[in-house]
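Mind having a look at this structure? Questions to follow.
Chain naming follows the written order as A, B, C and D, and within any one chain the residues start at number 1.
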Amino acid sequence: MRELGIGLIGTGFMGRAHALAFNNARAVFELPVTLKLSALADADTERARRCATAWGFAQAHGDWQQLIDDPKVDLVAITTPNHLHYPMAMAALAAGKAVYCEKPLAVSLEQADAMRRAASAAGVVTRVGYNYQHNPMIGLARQIIERGELGQIISFQGEFSEDFMADPTSPWSWRCEVGHAGGALADLGSHLLAMARFLLGPVQSVCADTHTVHTRRPATTGSKEQREIAVDDQVHALLRFANGARGTVSSSWLKHGYKNHLSFEISGTQGTLAFDQERLNELRLFRAGQDGFQRVLAGPALPGYAAFSPAAGHQLGYNELKTLEVHELIMAVAGQGAGGTDFEAAWEVERLATAIRLAALEQRWVTL
Amino acid sequence: MRELGIGLIGTGFMGRAHALAFNNARAVFELPVTLKLSALADADTERARRCATAWGFAQAHGDWQQLIDDPKVDLVAITTPNHLHYPMAMAALAAGKAVYCEKPLAVSLEQADAMRRAASAAGVVTRVGYNYQHNPMIGLARQIIERGELGQIISFQGEFSEDFMADPTSPWSWRCEVGHAGGALADLGSHLLAMARFLLGPVQSVCADTHTVHTRRPATTGSKEQREIAVDDQVHALLRFANGARGTVSSSWLKHGYKNHLSFEISGTQGTLAFDQERLNELRLFRAGQDGFQRVLAGPALPGYAAFSPAAGHQLGYNELKTLEVHELIMAVAGQGAGGTDFEAAWEVERLATAIRLAALEQRWVTL
Amino acid sequence: MRELGIGLIGTGFMGRAHALAFNNARAVFELPVTLKLSALADADTERARRCATAWGFAQAHGDWQQLIDDPKVDLVAITTPNHLHYPMAMAALAAGKAVYCEKPLAVSLEQADAMRRAASAAGVVTRVGYNYQHNPMIGLARQIIERGELGQIISFQGEFSEDFMADPTSPWSWRCEVGHAGGALADLGSHLLAMARFLLGPVQSVCADTHTVHTRRPATTGSKEQREIAVDDQVHALLRFANGARGTVSSSWLKHGYKNHLSFEISGTQGTLAFDQERLNELRLFRAGQDGFQRVLAGPALPGYAAFSPAAGHQLGYNELKTLEVHELIMAVAGQGAGGTDFEAAWEVERLATAIRLAALEQRWVTL
Amino acid sequence: MRELGIGLIGTGFMGRAHALAFNNARAVFELPVTLKLSALADADTERARRCATAWGFAQAHGDWQQLIDDPKVDLVAITTPNHLHYPMAMAALAAGKAVYCEKPLAVSLEQADAMRRAASAAGVVTRVGYNYQHNPMIGLARQIIERGELGQIISFQGEFSEDFMADPTSPWSWRCEVGHAGGALADLGSHLLAMARFLLGPVQSVCADTHTVHTRRPATTGSKEQREIAVDDQVHALLRFANGARGTVSSSWLKHGYKNHLSFEISGTQGTLAFDQERLNELRLFRAGQDGFQRVLAGPALPGYAAFSPAAGHQLGYNELKTLEVHELIMAVAGQGAGGTDFEAAWEVERLATAIRLAALEQRWVTL
């Protein structure tokens, strides 16, 4: 069986999540390739070495370019801060390697555009980490829509809210910088936009309102130095989809009480479905003629779920969505699948977010 | 004690709801006036007589003008089809009577404007039937906001969806006519707009999208004759409130699975609260620092609730909200209260709905 | 049409609830008799007079025997403290009047037995106020069971918990006296036992455990005088039904967080249904083959609901359940219905509660 | 650092779950030992080899005794059918190895007793797979109880129901055999009993009712051959805890609509908490004085959760509970922890289940 060498850049929380996911994909699925954890890179060489041992990587690099150049590496996974996605992915593409990049694709639409063009020119598999889409319940939602069980889709109402920035004394971080793809829309909202597109297809026009509630934050926790904040704390938008559906999206990182509230309701002429990431193993579903909404629990009839548990109700966790994403990535690299968000699709998400920002700035509808 | 004579016009479902409410207000509250059910009017004289007996009214009229002219009638309650609100209310105001009119105030903004001016000139008490606002849980929500428990309010996300028009073979009715204040926005959305204003105050500007999904419906059930439909099946809008909050509202009468889904979430810098009319005795509340959302059940600590039950958890029903509305109306007529939506406030709701329609028509932000 | 004269004894919360219910039954239903509110009795003559005026009763009595003797009174409604149910009901039966008595039927099984015998001998209609059974959703549950939609019923798990005695400084009251039918089992649990019998039929044998957690309480609020408490704070029991089903019941008035948690789950070989009085307009229903539990909302397809609202989702309240009970009572008196709990059935509930107490006392299974 | 060699017996679903858990524990936690996946055994040698490669074990055995004898194996994990737990665990204990055995400990109380004695004599670490206890939310529940936040505990109401045997044509399997620890009580209920003991401590006496609803099942799917079934389909019991609390437990594998409904409510003199495994990342909590139940979401303030995710709301899955169990096991073997259920505690669970069976058989209270 063909070997596939994985090179992972970054050892933070997301780096570890990737490492776990590659390991678990190997144990859980019958893969069409032999997965090798070939190399791990971190600017801190010592840390790279320690993590490589703990996570099962054969080699450690202090310089990410070395990892990309390593002939044992066939696929480069990028989990570094957002502004590094562009140079790393471009280098990997230049080397003809498959690329698996965390979201957002880049910190500007120009970068994203260059990256999708480079990917297309390189002819390699690319994927971006929109892992929420790999939830079997989301797969089920898409099937329900595609099979026409909801009839013609007429509305999408989505929200992704958390409260991790709700405290005005929460300090400035790179997430507060425009140049690092900061703000609620880029950080959270982009997941929701990707989800909307995944389920309903392209958006044609948008109107929006962005809002910075806390315009100053301490430079660091407890510091008296205040920094000006220019990114949005919350955003609300109207969407018109190419398929004729209309809807709203909202995103906030100030909304008290929510921790991971990526949620939506989709209605059609034959039914309605609803989802909330805070209960990721459930779908609320109403088909015309039913007595009331059903609470559908994830179970082994769904392929992704069955990989982890033979019985319904045993629930998948966030990290397993990552494993499912990695599985689809590997299938694509092996030429056996097309699931997941490639650079082209991720650029579309960035384009949509950019249109929303423009609509808010100029207080008008913007057509994509 | 002063007597207050009630004259009720209309004997449909809403007429009966008023009759029940006046009867129950008398039994449940210690009123500062002696309530007399003086007269009931319906164009069908026989029906007027029969209902008067069943509901306890002293007299029946076949002509509503007679009821208005009746010197025993101090307050005129109007529960007729929407297009009759204007002539009846104007006649009652001309006669110097207090007026209690079902929503919507009128079928055009011009009528509504004339009515609020006439009310102001007459100097009498007027009220419009936005009964959802009289729910003790809504009163609690307003108190929480006014006491600053949520901090500065930053967002409102509201929806009023039902599915009673979801079936495309549901026939045309007056609700499908622009000239009768038809459409999801006027029929359902106006309740939500009134609620938003009740809780957060005036709206400054709006952008919106209206959508007629089923552009033809049978003239009557099962008929082959099709009628063109011009009113909206669903509407989505962005709002900017005068207090700085931003938000979205959605309304649909096509959304499968929902029966009375007048719902909203309001977030501020210190907390979030959420409500759904389908569970009208509950509020979900999160205050900064709590572990999670609380489900607050209605109980006798809330004045309106205590009138009906001495124990928490015994739940009020829709009809009791009407009794609470009537109570506030009578208190106002007796000069002892100012609660409820008068013609001025109801005109503001109509003005807001009109701005939303304009924004949708011209696809631009509209400032009020 | 025949007149039916109502005589009501008691002017407390439950007296007012009856008065409202008789008034509303008249307005909401087409009754086969002409309902007259003939007389109201209260030991406090002045109060009797005041309430009679407010609630629409023609006459007031300071002596309940006078009310029973009043030839205008055909039906005697009893809402006094529990220990008075027996003498009043026996007197009314002796006078050949129909009797509507609040629960519990009596304060001892001996009394209850005498009452059901007297009722049988008198040949009049009797009813006891187990109003939760008149909820249209409970009617629906019974229909679902009777139509066999759940298959053969195999289990009942019920609980009625509140927390109004949870605070150990909540003072002694008559509810803490055995001789007044005090304790969680008599006060709350009897509703649950009546419900279990209403839905599944008779119980054959029981085993149980009762528990007094707070054995002393202040004589009055804030008092230093402590009174010994002998009644149960909580009870748990196993039931075997005559139809073969098995189950558990629990009742507590110490269970923090619950206000009116009369709840149950019933499962059969074809499905499961669940109910909670704290959301009295909903039923959770699972039929074999479904994807998940449905949340069924009350709507006008259910006869009782339709009397109050023409649209689903508008929710009934606790007081409307009382109106529905009164409606069934009047239909029975008019010879047109058999719904509701008569003295015979109420005695069966007392017998079951007594068996539970015996089983707990002797720590053994007791067969009825 | 000391090496710890793991030997795993069994390659079914649970075997793979163990393999994943050992791998992930290594990646997620800083362990005080160097974990080695030394050997994997399965009677099917070829399968053992294939799985060893996929899961990262150094060696494969076709004979489990060889694995136990392997000097590289320090800890023996047993995931074989129930009746093999006894011989394998006894052999491992005889070899002085630590043992990690799936639940139930054994197929008879005699075996279980022999095993706990052997474990005690061997002086090694033993653990049994009651993985639900390792959920951080259950850890939080226990902390809340131990810190006295609920006051004195007065009641436990628990249920573990699923519906995987609800269809009467579901065929016979080893789960239907008494001699293989079959039946709802052994298969599901034992998890609930273990949980009750974990949270409230020992049980003093029980009364119970067991029930076989479907007394015959096809020998295999679709077969006409019917087998007699003697094990319980459902069980209901009353419990008295040593700490004075009272309660009920129910377990069924016939309860339509439930997939993994291991649920309980615990109330005390100061509050109530509730949990349902079907929403394993949530706890419902009410503290005296609160307005209503809080829905508490798992988050990184809980140590076990933080190992997997730095942000609240990201939810753990069933498999991660296994990783947490393995982590506690390894800490215990390393002498740095005492968490988890050892053979002594698992024997107590079996003893309790046996008492419940006896109480049901003899229809009387049984004291432990």
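The definition used in the following text is that contacts are C-beta pairs under 8 Å (C-beta built on N, C-alpha and C of every residue); 3 or more make two chains touch, one makes a residue touch a chain.
The chain list, named the UniProt way, goes like this: A, B, C, D = Gfo/Idh/MocA family oxidoreductase.
Bear in mind that the values here come from a model prediction, so they are computed numbers and not experimental data.
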For this session: In contact with chain B and with chain D at once: which chains are those? Just list them.
Result: A, C
Exercise. Relative to chain C, which chain has the most distant C-alpha mean position?
Worked result: A
Seminar exercise, completed: Per the C-alpha centroid definition, the whole-Å distance linking chain A and chain D comes out as 35
Problem set entry | Where chain A and chain C are represented by their mean Cα positions, the distance between them in whole Å | 55
Problem set entry | Intercentroid distance (Cα basis), chain B paired with chain A, Å | 42
Problem set entry | Numbers and ranges of chain B residues touching at least 2 other chains | 258, 290, 292-293, 297
Problem set entry | For the chain D and chain C complex, residues of the former touching the latter | 152, 154-155, 157, 159, 166-168, 207-209, 211, 213, 233-234, 236-238, 240, 246-248, 250, 252, 254-258, 267-272, 286-288, 290, 292-293, 363-365
Seminar exercise, completed: Within the complex, chain D is touched by chain B residues 285, 290-297
Problem set entry | In the complex, chain D residues that touch chain A | 13, 16, 19-20, 23-24, 26-28, 54-56, 162, 164, 258-261, 277-280, 297, 299, 308-320
